[in-house]
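Input: a single structure, listed below in structure tokens.
Every chain is named by a letter (A, B and C) in the order it is written, and numbering of its residues begins at 1.
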């Protein structure tokens, strides 16, 4: 098993845990937990592969399905009461984000994309699964929650990987270090509620009409 | 007209009816009814074809557009008051699910996918249109409603078709029988409110924070 | 720079402005504004290119990313208070709709699609970005708002372009005139609240159960 596949499976597993935890919070049954975990874990990668133009690995390599199955089983048996806490969901989501924004950039560069497009695709891969999860579960996406930073660490991780590409081939060490940076950045932003400026005007979540 | 196309059109028509009925419930106009019906009827197949890597049949074979048009017209002229009842929507949705999870698996197998991936793609095709319908109409997806079974019959239908693939080529009889099994299973689960275990903890639809 | 790319960039910019304005209304930060603008501006085109089967231009030609960046910066610095008004969002959305439904039809015809499929893909391209914007921001899609016309002008624009295809190659004049027709039609429908018949029965947005 090569390192790219290992990191991909780990990212899928982390995101799938976040999906299954949200399913538990929402009172979905075990099949709903498996489905939301699968969508979260595999969704970003499917979008990535469709845009690159290769057969989605989630289908081409069925080993990817083991990750959401393991996640759903784990959450089902171990998560007694854990769904009352939102922190585990956020931590696993941060792990998936860190791995997918970096490995997504690598896959795009390997497919011959220019570095700017590769960065964009890395960010899309990183935020895609969580966005699908939140949209399908009918809640305001984590991605747009302005009380912490979500896309900024993903941009940073994708930029590190794309930057290294100019000097050397990204390898397991590069990607792993970049992923750690993203993860730590994201968790610190959650803990300290780092923010960035809002567009001027109204505060939060208001809806206005003329 | 071959049988695969016939079943595909029938599934598209059933799902389109469900979409147009939801549109009527929501007070959309006839164009909104046509659009929601089209998205529901054609959405699962477009996802299926993009993942397989062939041109989406909804666009390659415009005859597919006849199904949502017929569905929107039917619902418009015949549905006086029917939108007050959720049962017709559920029955037509079950018909679409039954046909798409089985024919989706066949298409995936014919495209050379391994049986596990073909099953997954069959389930994705079956639940995809209804999920798009519910997400776009901004309601909690039927797929995750834990008071009945939705994905389980789809898995069963896809598994029957993939299983037969090992012994013989799935033909119209195989697919039709599998679809009937899915449909009956789904309708019985609705009628008797069959359930499967929840992840432990909170009851339904609650949202929690730390 | 050819005219097709120019119109494409302009449409992307208009849609991106509408996404960034919605982000401002919702209180998203500048990164959320950039992301929602990008999804709105680039989403329809990515769907179009995936269905046609070519690499999405948003990734193949990074110049497309300039449009949402410019839109997010503009909204951030100039939009003080503008997010209290829904009209600018609707006007820019109409501009994006007008350009994308016409250029989407051209791209589909150039890719060898039959005229009916090309019309459908033009409409899909036109309404896709705004639908993604509304779904991701968790609000009832503009597309289904039955107090004005949204898809009808898009169908008209796509039909004009596909009709001209039979007599001559659509060129910049054809597409531009068709886009103007769509834009004016859409704005008039907003101003005069043109409507089309509803499916019989209940009024608006009600949800019913048996």
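Please note the rule applied: a residue touches a chain if its C-beta (ideal position, glycine included) is under 8 Å from a C-beta of that chain, and two chains touch if they have at least 3 such contacts.
The structure displayed is predicted, hence computed values, not measured ones.
Comparing the residue numbers each copy contributes, subunit A and subunit C share less than half of them at their mutual interface.
The two copies, subunit A and subunit B, are related by a rotation of 120°, based on C-alpha atoms and rounded to the nearest 5.
Inter-chain centre distance (subunit A to subunit C, centres taken as mean C-alpha positions): 27 Å. Residue positions 50, 135, 138-139 of subunit A each touch two or more of the other chains. Against subunit B, the residues of subunit C that register as touching in their complex are 50-51, 53, 108, 113-114, 116-117, 120-121, 127, 131, 135, 138-141, 143-144, 146, 149, 151-152, 195-210.
On subunit B, the positions that touch subunit C within their shared complex are 20, 23-33, 35-36, 46, 50, 55-56, 58-60, 62, 65, 75-76, 79-87, 135-139.
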